[in-house]
Amino acid sequence: MNGILIAIVVLFGTGLALGLLLAYFSKVFHVEEDPRIDQIEEVLPGANCGACGMAGCRDYAKACVGEGEPPACPVGGAAVSSAVAKILGTVAQDVEAMVALVKCAGTEKRATARGPLEGVNRCAEAFLLGGNKDCRHGCMGYGDCVRVCPADAITIYQGNVAIVDADKCIGCGLCVQACPSHVISMVPKSRTVHVLCNSKDIAALTRTSCTVGCIGCRICARSDAAFVIEDNLASFTGTTAESTVPYVCPNDVIVDTRAFSVRAFVESDRAREDFTAAKTEFKEKERLEKLAAAEAKKAAAAKAAQEKAAAEGSAKEGKDE
Amino acid sequence: MENRTFAVANSPHVHDNSSIQKIMWNVFLALIPATFVSVYAFGFQAARVIAVSTIAAVVFEYIALLFMKRDWRACFDGSAAVTGLLLGLTLPSNISTGIILIGSFVAIIIAKQVFGGLGHNPFNPALTARVFLLIAFPGPLTTWPLPRGLENASKFMGVATTKVADAVTTATPLGAIKQNAVQAMPNININDLVFGLQTPGSIGEISALALLLGGIWLLYKKIITWHIPVAVIASVGFVALITWRIDPKHYADPFFHFFAGGLFIGAFFMATDYVTAPIFSTGKLIYGAGVGLLTIIIRLWGGYPEGISFAILIMNAVTPLLDRWTVPKPFGFQKVRSKS
Amino acid sequence: MSKAKTFKGGIHPSYNKDLSSKAETRELPLPAEVIIPLSMHIGAPAKCLVKRGDLVKTGQVIGEAGGFISAPVHASISGKVKAVQPVEHPMGKRLEAVIIEGDGKDEWIELAPVENPLGADKETLLNAIKAAGIVGMGGATFPSNVKLSPPANKPIDFVILNGAECEPYLTADHRIMLEKAEYIVKGLEIAARILNVKKLFIGIEVNKPDAIKVMRKALGKKGTVVPLEVKYPQGSEKQLISAITGREVPPKNLPMEVGAVVFNVGTAYAIYDAVYNGKPLLSRIVTVTGRGVKKPGNFQVRIGTSVAEVVEFSGGYNDNARQLILGGPMMGRSVATDGVPIIKGTGGILVLPEKEMVTDSYSACIRCGRCIKACPNRLNPQLLGSMIPMGLYDRIEELGIKESVLDYCFECGSCTYVCPAGRPLVQFFQLAKVYFRTKKSK
Amino acid sequence: MEYLLLAIHSVFIGNLILSKFLGICPFLGVSKKLSTALGMAMAVLFVMVMASTVTFLLYTYLLLPFDLGYLRTIVFILVIASLVQLTEMVIQKISPALYEALGIYLPLITTNCAILGVAIDTIEKGHNFVGMLTYSFFGAVGFALALLLFAGIRERMETSDIPNSFKGAASSLIVAGILSLAFMGFAGLVPG
């Protein structure tokens, strides 16, 4: 009995002494910290599991306060996210889903090759040597983007052009950073019309280096104001456009994903044939329409002339009289 | 004028035609004299051990490369063969084939390929395997057959010889010293240690002369620099000299320590292994001195008669730190303005 | 003869200089068309002063200096401006250039030489050099007038002429020293006068004993010819200063930091030409060499002439020609087409046959340390070269030296040359530099 | 001389990590970078010496007189936990950078079995006060040595092309294994 009592006393005493000591030192060594860190730490699961990529929940809490844009806590889920957002005073915003787009269709057949590059395995290395195409803005196809893509969404067509699978793309933007020629950009997932060229060269150069290069001719901008031309390069800023818009481009640079997927437009000869057929049809129709319009105009003009002549004639007649 | 197109590559556009293969096969070549001496001294058994360990190493390398889906041709770059040969040279000649295979496996798979293959192993593969075997099979690894022509000696260097299976075994000179202190000394002839035909020991370490020849070849071909071997041998000699001067009854003289045991094979072939040795000259000197000191400490006061394998392995672990702390100042380096 | 001076590190590649070192310089006939890039120097590109259809005379300024570190550009033949547009530049990019269609008359503008050059004042001389568009002709193409006008707080003690020509194959500097020795010395005197310096050196590698002899004779008592050990990169400005004066130039600094100014021998000749004859920099000596051409030789070539034309004149390509390099094999740029023009810094046209190309794939580093021995800047290419492919850029930043270690590397290629694993170390460093540059600019 | 041998023994032969396999958690966890490894080593050094001293005193002057030897584990853990808290506060104040770098491993020193191991071992071995100090100090030095060597190797392994299946803990443990093989060479150097 006594022994147990002593044991309890000793344990209690030791604990008390240490506790007081700690309390004292925590005052002495107090470090000012953002109080929100503690608050956030409270609402976190507290498992210190490291699943978020940080060493422990406190680090995660600090990241929340610091960056303002924390990755989700995989353990806590939505509940924790909203709680954290509440503490930070932010609301989880609805951001438009973005996907990556490789703005190049310069396959082997279309883009002029520049002397073979030896000992090059990566785009970054190829870029040091000036690239493997005459066009310095196009895709070089060594797959630096494929290597960084966490979603396996990018494939390389014929070792020449990378194509992003918009369904697989999670919109992380790593490929945009990895691409030395800046040919990849993030576009809204809902956008259906794309300009598949990145060439900022003047028209004369673009023409010699690629058959599907944008020469900055502004024809597209005339048919749809959502096309913006900058540095000899058109870009589409709207969400969608009339399905006939791609047909106006003289170099077949514009793709409408409702008609052809980007992949088909780059890879498939068949799709190109279909496109050309449709384009010819459209042009023919346009030509006929124009012709008809011109004829109508001519007829109208003729009629007007006739009428005028008649009127004049009658006037003359009147004068004569 | 029609323009011609050319292949584009990054500078520099010339190369000195050196290659890993050339380096490795030169090391292999440098080990040939020692191999010949040992085959002469121990006969067929030595040839068996060396052949098994070398071939097994190459085969294991091949298997590992296949498994990892890497270019299998890399197994002929000579590095696996050198590892296997070095391992074989550090084993006694009467060791069983099974143990050699285990050794080759440890060397190539555990100590090398697990870390990504040539260039990435933090520890010398052959030595890792040898130390592993020494600790896993202490018996077979410490029974040393007598060279040919000495089988009938009942006592060797003051140590009894034992008949095991069909070979007569005894302690190595270092083992004898360990057991009998310097009483054994008069029986050990430095000449024997140098030429190696009359002493027991692991296959490759018996002839200091043959190893020295190989070492000089490597120095001549500029495959190794003088720093590590000199530092190892000098530091061993230094401690040995001091202890010998203090108490010649207990401690052997420096020459004995130079020529007995694996000091030369260690100093010239194992400690200088590119992958596991420091890369800067200062680091090399410190590393060599460390190897030498640890070797002699283990030899004189430790539990094992020979310490160079342990010493090199331990210093292998220090190598990354030495590489970090002995970086020379770059060209035109100025002391960084302190206030910034 | 005292022992040849040198620096620490470096390599001994096979020089292959005797392919062209005995061939006397021949003047190339006037080209029918020249392509003159507006950017032939380090610094801001020149501002174009002409437009399509303009008639220009030889020596006429067609681009004025675009900043303090910049240089003007001149028409190298007379004729009509055909176009002003981006063209394939020897440095691999596409850059703006003036294309002039020659009229075959080579009508010169009126030249205005400086009178009594050795008595003229500093400003006049400097202006003459600046107007002539002279840049470093060893390849770095640093505008010479900038070198010649150091800030007042940086006293200059030495003027060094660089005749080392350490790049294998090239012999342009060698030839100019043999053929124009006295003019080179005159150019050097002008530079020394501008900088008010008495200590003049000419560094020449000992594999050019004839050049040493000729230059000694031409220089006389005015300065010292320093024989240098045959080693690459002996002709690198900073290594040369270290060999001759023992001073080391800190990274990212100009040699004037340690009181030295270095000119290539070709630049010295250009200075002479600008001051004594009033001629702008319109032509240079180019070595055509390598086993991919039929007849290696040295040629006086107008700036802007296409490489194809030069090679054609020299005797043409061999059938096995596979790689075209502007400059030497160590630091020269490999170009995709021979339509590129000769620019102010092009010292050589090297054509390599298929079998001499370095195309081996590389394997893992075995830490042999040869790159460390070879590095003239005492860096650790081994460590950098292992970290860069693994993307460990933050560890490079941690390496202990405040500025990025890569600032020290000038891509001489010594490490790659000696690497037994064939690792493209220079390429790795270029990638890392690009990485750090983009990171900094963000 | 006795203490010198004890010191050598605790650093090399009876190395906490490499031959007693204590404190493997921080050994694997904080050895990715040399600088954090150094910080961790210092923290462990401090905690180990303090903890051993306090527990030694508590044991000798509190538990033993009351015949409460059986309580030692729980009391020791109490002491160690508080000391770790204290260290944490001190480091956070003095070096926030190190505090950040050590992260979760700092509070985890609490569960570093090396600390408790040394505290108990020193009592088991019957060291006197000076012996206890030597043992705990040089034990921690041995810990630091192993941690530094290991961190150096791991920094180098970052540049290695390790097969995917062996990345991380697998190859690290193999390194640790080989390292302890190497340290077996010290066996018999000093009678433990």
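Letters A, B, C and D mark the chains in the order given here, with residues in each chain numbered from 1 onward.
Everything that follows uses one rule, which is that contacts are C-beta pairs under 8 Å (C-beta built on N, C-alpha and C of every residue); 3 or more make two chains touch, one makes a residue touch a chain.
Here the structure is a predicted model, which is why all the values come from computation and not from measurement.
Engineer: If you tally the C-beta contacts for A-C and for A-B, which one comes out higher?
Structural biologist: When A-B is set beside A-C, the one with more contacts is A-C.
Engineer: Among all other chains, pick the one whose mean CA position is farthest from the mean CA position of chain A.
Structural biologist: Following the centroid criterion, the farthest chain would be B.
Engineer: As a quick test, compute the distance in whole Å between the mean CA positions of chain A and chain C.
Structural biologist: It comes to 43 Å between the two C-alpha centres.
Engineer: Between chain A and chain B, what distance separates the C-alpha centroids? Give it in angstrom.
Structural biologist: So the centre of chain A lies 58 Å away from the centre of chain B.
Engineer: Distance-wise, how many Å sit between the C-alpha centres of chain B and chain C, to the nearest whole number?
Structural biologist: Here chain B and chain C have centroids separated by 48 Å.
Engineer: Between chain C and chain D, tell me the centre distance in angstrom, where each centre is the average of that chain's C-alpha atoms.
Structural biologist: Roughly 59 Å, centre to centre.
Engineer: Could you tell me which residues belong to chain A and also touch two or more other chains?
Structural biologist: Residue numbers touching two or more other chains: 114-115, 118-119, 125, 128-130.
Engineer: Which chain D residues touch at least two other chains?
Structural biologist: Expected reply: 155, 161.
Engineer: Which parts of chain C, given as residue numbers and ranges, touch two or more other chains?
Structural biologist: Within chain C, residues 323, 334-337, 357-359, 364, 383, 424, 427, 430 contact more than one other chain.
Engineer: Which of the residues in chain A come into contact with chain D in the complex?
Structural biologist: Against chain D, the touching part of chain A is residues 3, 6-7, 10-11, 14-15, 18-19, 21-22, 25-26, 29-31, 48, 50, 54-56, 58-59.
Engineer: Going by the contact rule at the top, pick out the chain B residues touching chain D in the complex.
Structural biologist: Against chain D, chain B makes touches at 68, 110-111, 113-117, 119-120, 122-123, 128, 131-132, 135, 294, 297-298, 301-304, 307, 309-311, 313-314, 316-321, 323-324.
Engineer: Can you list the residues on chain A that touch chain B in the complex?
Structural biologist: The touching residues are 114-120, 125, 128-130.
Engineer: Name, in rising order, each residue of chain D that touches chain B in their complex.
Structural biologist: Touch residues, chain D against chain B: 34, 148-150, 152-153, 155-157, 160-163, 166, 170-171, 174-175, 178-179, 181-189.
Engineer: Please output the residues of chain C touching chain D within their complex, sorted ascending.
Structural biologist: Residues 364, 383, 386-387, 390, 392, 395.
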